[in-house]
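Below you'll find the structures, each written out as structure tokens.
Both complexes shown next keep chain A, but they swap its partner, so chain B is in the first and chain C is in the second.
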Partner chain A sequence: MLQFIARRLLITIPILFLASIITFLLVAKLGIPQQLENAMSKPNASPAAIRSLRNQFELDTPLFTRYTNWISHFVRGDFGLDGQRTNVRSDIWRAIQVTLRLLVFAQIMSVLLGIAVGLVSAIRQYTAFDYITTGAAFLFFSIPTAVLAGFLKVYGIVEFNRWARHPTMSQAVLVALLVIGALCGLALTKNRLRFSDRPQPKKLLLGVSAGIGIALGFIIVFKLGWDGNIYRKRNPKPLIATIGQASDRPPAEFFSRMLDYFWHLLGPSLTLILVGFAGYSRYMRASMLDTLSSDYVRTARSKGVSEGKVIFKHAFRNALIPLTTAVALDFGALLSGAIITERIFSWKGMGTFFSEALNLREPKPLMAFVMITAVMVVLFNVVADVLYARLDPRIRLD
Partner chain B sequence: MTDIVPDKESVPGATVALDEREFTIEARAQWKTIIRRFLRHRLAVVSLVLLVLITIWAFFGPIFWKYDYFSLNTKQKSLSPSWDHPFGTDDLGKDGFSRIMRGTQRSLEIAIIVSIITTLMGVTIGALAGFYRGWVDSILMRFTDLILVIPLLVLVAVLSAGVPKAPWYTIPVLLGIFGWPLMARIARGEFLSLREKEFVEAARALGVGNRRIIFKHILPNLAGPIIVNATLTVSGAILLETALTFLGLGIREPEVSLGLLIQKGLPAYSTRPWLFWFPAMAIVLVSLCVNFIGDGLRDAFDPKQNRVRA
Partner chain C sequence: MSLLEVKNLCVSFPTEDGVVEAVRNVSFSVDRGDVLGIVGESGSGKSVTSMAVMGLLPRSARITGQVLYDGVDILKLEQKQRGAYRGNRMGMIFQDPMTSLNPVYTIGWQLSEAVRTHNNISKKAAKARAVELLALVGIPQSSKRVDAFPHEFSGGMRQRVMIAMAMANNPDLLIADEPTTALDVTVQAQILETLERIQAESGIGIILITHDLGVVAGMSDRMLVMYAGSVVEDGTVDEIFYEPRMPYTAGLLGAIPRAGAAGRLNQIKGTTPSLINLKPGCKFSGRCPLVVDVCQQTEPELVPTDQPAHLARCHRTKDLIGVDASAMFLQETAG
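And then the complex of A and B:
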């Protein structure tokens, strides 16, 4: 295993090396940095200032020397200075932390949601639940991220915040909520639950009561809870933030800082969760259907193993294997930042780091970004391979 | 007429009337089966019809519509939707309806170009790697890894930022040139398994050359995965174009694409919501249709699947 990992990592070194050369050329081709262009377009531009900027960006050194300079520093962990003479490494480290906060939360939620929904829609294939979630999944991977994030922000969160200031509900809305809640409860309990062979007791009652419970909870939280909301009186700010990854001055106390983070996290992570859910639920559903029709599941059933055990012990665990590797691969790729989502919610993560560096045509930050992204993609590729081999004993690594 | 039914004991085996037992077997070509299966997927058929209608509307609509997509009209700035301007007008008085027609047309063209380039490159590279194996395979697959190491959006954004005055078709060409690795991996996998099959061995025993084996014997068997993946590339390309244009690195004025309309429309959501809503709906509709068609095709080509869909 260790040998395999070592060999895989060794193979990737020339690839990363080549990638660095190609991106270095591309970045050099971008043209002169914005800062220099600004300095040159000034009417009273002093030649000395321009010369010092040209020096700073090494524009007069040959490309090859520039590259060797850069890479000899880069491999030692020195990412260089950007146009403002700040250290690129500390900048990108800050961006990574912000992106990780978003990514870890969103990824965990979307994987859990995707697994749960995919599992149920595979067990209850061709039921209303299956059709509704399939439709939702198709919708979410047909929506451009810009549209989804923009929609959630301006029509979801901003409207919700406005409403949350004076949370009142008309009777018609209350009744509608109750009906929707009851229908949800029914949909969840009505279809054949194939987890156990015992008949379901009083399904209808169970469904209606679950629905009413959901609806009542909804009403209590929003109608009663919010009217006397202390938080709102103390805070003139909107509840769910739509700008930035934290308040300008985040509270010092740990718990309230986490709460502050959470309210900022909600918008962008909801976007990523919906997109991720769409992919993972389809993936999980397909994988689960595949295992459910396999021979060992049929064998387990014919031995008389209970349906719940067949599903969770025999099928579910095997169906998770391909999903695990897909999640690992996605995680590596997503570390480049959710560029669009971050821009719409004004997060200062990796995506924003990249688009700002690209706008300013700053070579050092761009190279650092591309190389870190590339290393992450490669690393998580290896992680995916190793996970696959660990989880599936039929696969040998050699 | 129970008396006609032959007695089981007197005529052994003749439990079924003669004319019922005789039936003709109609030979059905493979593509006929596939079309039949596709037609059974109702959502996919509806999507196909819808997509054809949208395409006709986007390409031939501008001929008949009274406004064009570029003329400014200072007297008709920021009008909300009406019979005269069904999708309203923007802050320069350009007609929303004609801009969405034009944008849909461009977005579809972009998607088709990306899909064609991706498919051609991916299948060629995958086929060479999978068929010849050995060093050809190693080199081509390392090359694929190299391209996969940098996310497509990042790569094309950097490339596109380097040519600020490029014509619109550079974007789809770039997306196609760097978007083929997935297709190549699929094609390679299929080639690796198909080249070991008996029919290829038989062809080789008859003295068939490599070129003929690749084109006549193996490639037709890949039609399913290739067509499905090419379809899904179309919707992927529409979304990627939107993302790039949203960052200001894709289609630029005076060209119009759905991504550009969304980029322009989103900041105006509170004052002129129609500038966001109509392009958003157009893009979702097109890409939803393409995805459903892809799903239908996947089901139709999957030989393991023969159950009737509910």
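And then the complex of A and C:
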């Protein structure tokens, strides 16, 4: 195993090297940096200023020397300076932190949600639950992210914030909430989930009380303003932020700061969760249907193993194998950021970092971005392989 | 009272195209020490019948009739009580040993699971039992092999593991659904030997489902021939082999190559009828060389023939007495 990992990591070195050459060439061919173009288009541009800019971007050094200069610094962790003479490394590190905060959370949530929904819709194939989640998954999967994010922001969050400022609820809505809650509770406790063969006692009572609990929770939070009002008394801003990754001056106290992060996280992560969940739930459902109809599941049933154990120990355990690999690969792609979502919610993450660097045609930030994401992709490929071998004894790593 | 008595078992599946009548009115019984063979071509309902006995059919299946196990109608039991039979008092092995074991657990784990599902014993004791079971089915170095994964075993070895698993709780009934079809000939013989030895040692009842008439002839006492979901002939192996009383069986027998027999292998022409919207009359009439008008109007009953314990479902049973019926198919193909 260790040997496998070492060998795999060794092979990645020439791959990354090659990738760096190709991207360096591409970046060089993008054209002169925006900053230089701006300087040159000024009517009273001084030749000295232009020359110093050309020097700064090494435009008159041969391509090969430029590359060797760059890479010899890069491998030592010096990512260079951008056009504004700020350190690219600290810039990109800031962007990485922001992106990780958003994407790790969103990714974990969409994987968990996707697994849960895929699992249940496979077990309850061709039921209302299955049809509804299938429809939702296709909707979120096919709708462009920009549209989804824009919709959520304008019609979801902004409207909700307006309502949450003066939360009122008519009697009719209250009753409707109670009924919906009770129905949800009932659906949850009805023995349609097929996790267990045992008939469940006192279903109705359990269902209705669960439902009333859910509805009461809603009322306490929003009608009585348990959170919303208290929070807003100290803070006149809208509850759910639509701009940026944190307030301009985030509260110093730890708990309030986390809360501040959370309200900023909600919008963009909801977008990403909906999109991610759509993919994962379909994948999980297909994978689970596959294992549920497999011969070894039939064998397990023929041993008299209970349905819950058949589902979790046999079908689910095997269905996770392909999903885990896919999730590991997706985690590798995480650092490239979510360009569209970041832009709509004005987050300064990796996506924004990249699109700005591209617009300004700045070689150093672009190269740093490409190389860091490439390293992550390659690393997580190895992680995916190792996980695969851990989960499936048929796979041998050597 | 028989160990297992199946009475008027009917199984149908509602599908988008209509109701599939997979098993119609099947009755048979198996005692401890018996080997009941079930033969019939693909789609004749052999597997569905055995899955109904095990309780492994999907929820969509509509099942009627009775399955009496030691006199208890297990079709009427609650899921939980039913589970106490499955894998405990009756075990089953399947056609494809390559896919029948869970790839992510060791052989020992899967055997222990079978034991621990029905017995409240420690993991250690269950593992010891697993080793013992592997030895029982003739796996060498069983105490070492118990920790192997299924992919480290050959097909024949995996089928032995399946037998061990089915025998884990000393059931009285073993259902073997084409246990050798996926294996090559030498391995087939070893698996059958293993089954025979286990049967001789434990005196269980076996239902042996197969395409291979040779296997039935070697192992069974009684046999059923199934066609399009129902039993068309029921008798001892000798009666059916030497004096078939139903043209379909005769055709099947004609299809086995026999040493010294002249001519090519006979095959019954045509295909099995669709099980959706079954037509009235004999289900074999479309392919039968002896077909007469009444065959297309009324379905024959499964009734005793000239030999009292030998039942057949055919209007013209009498016309088969003393005739080498398989020759009829030969003439058909020749002419």
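Throughout what follows, the second predicted complex is superposed on the first by the 356 of 398 C-alpha atoms of A that agree within 3 Å, B and C clash if a C-alpha of one lies under 4 Å from a C-alpha of the other, contacts with A are read in each partner's own complex, and residues count from 1 in each chain.
Operating definition for what follows: a residue touches a chain if its C-beta (ideal position, glycine included) is under 8 Å from a C-beta of that chain, and two chains touch if they have at least 3 such contacts.
As the structure is a computational prediction, the values presented were derived from the model and not from experiment.
When the two complexes are overlaid on their common chain A, residue A:Arg85 makes contact with neither chain B nor chain C. Applying the stated contact rule after C-alpha superposition, one finds that A:Arg76 touches neither chain B nor chain C. Shared-chain residue A:Ser294: touches chain C; no touch with chain B.
In the superposed model, A:Val305 lies in contact with chain C only, and not with chain B. Applying the stated contact rule after C-alpha superposition, one finds that A:Leu391 touches chain C and leaves chain B untouched. Of the two partner chains placed around the shared chain by superposition, chain B is the only one that A:Ser336 touches, whereas chain C remains out of contact. Applying the stated touch rule to the two superposed structures, the chain B and chain C interfaces on chain A have no residue in common. Within the complex formed with chain A, the chain C residues making contact are 54, 56, 78-80, 83-88, 91-92, 94, 96, 99-104, 113-114, 117-118, 149, 151, 162, 165-166, 168. Of all the residues in chain A, the ones that touch chain B in their complex are 11-12, 14-16, 18-19, 22-23, 26-27, 29-31, 126, 138-139, 141-147, 150-151, 154-155, 333, 336, 339-340, 343-344, 354-355, 358, 361, 366, 369-370, 373-374, 377-378.
Remark: chain B residues 142, 145-146, 148-151, 153-154, 157-159, 161-162, 235, 238-239, 242-243, 246-247, 249, 259, 262-263, 266, 269-270, 276, 280, 283-284, 287-288, 290-292, 295, 309-310 touch chain A in the complex. The touching residues of chain A, when paired with chain C in their complex, are 197-199, 294-296, 298-307, 314, 317-318, 321, 391-394.
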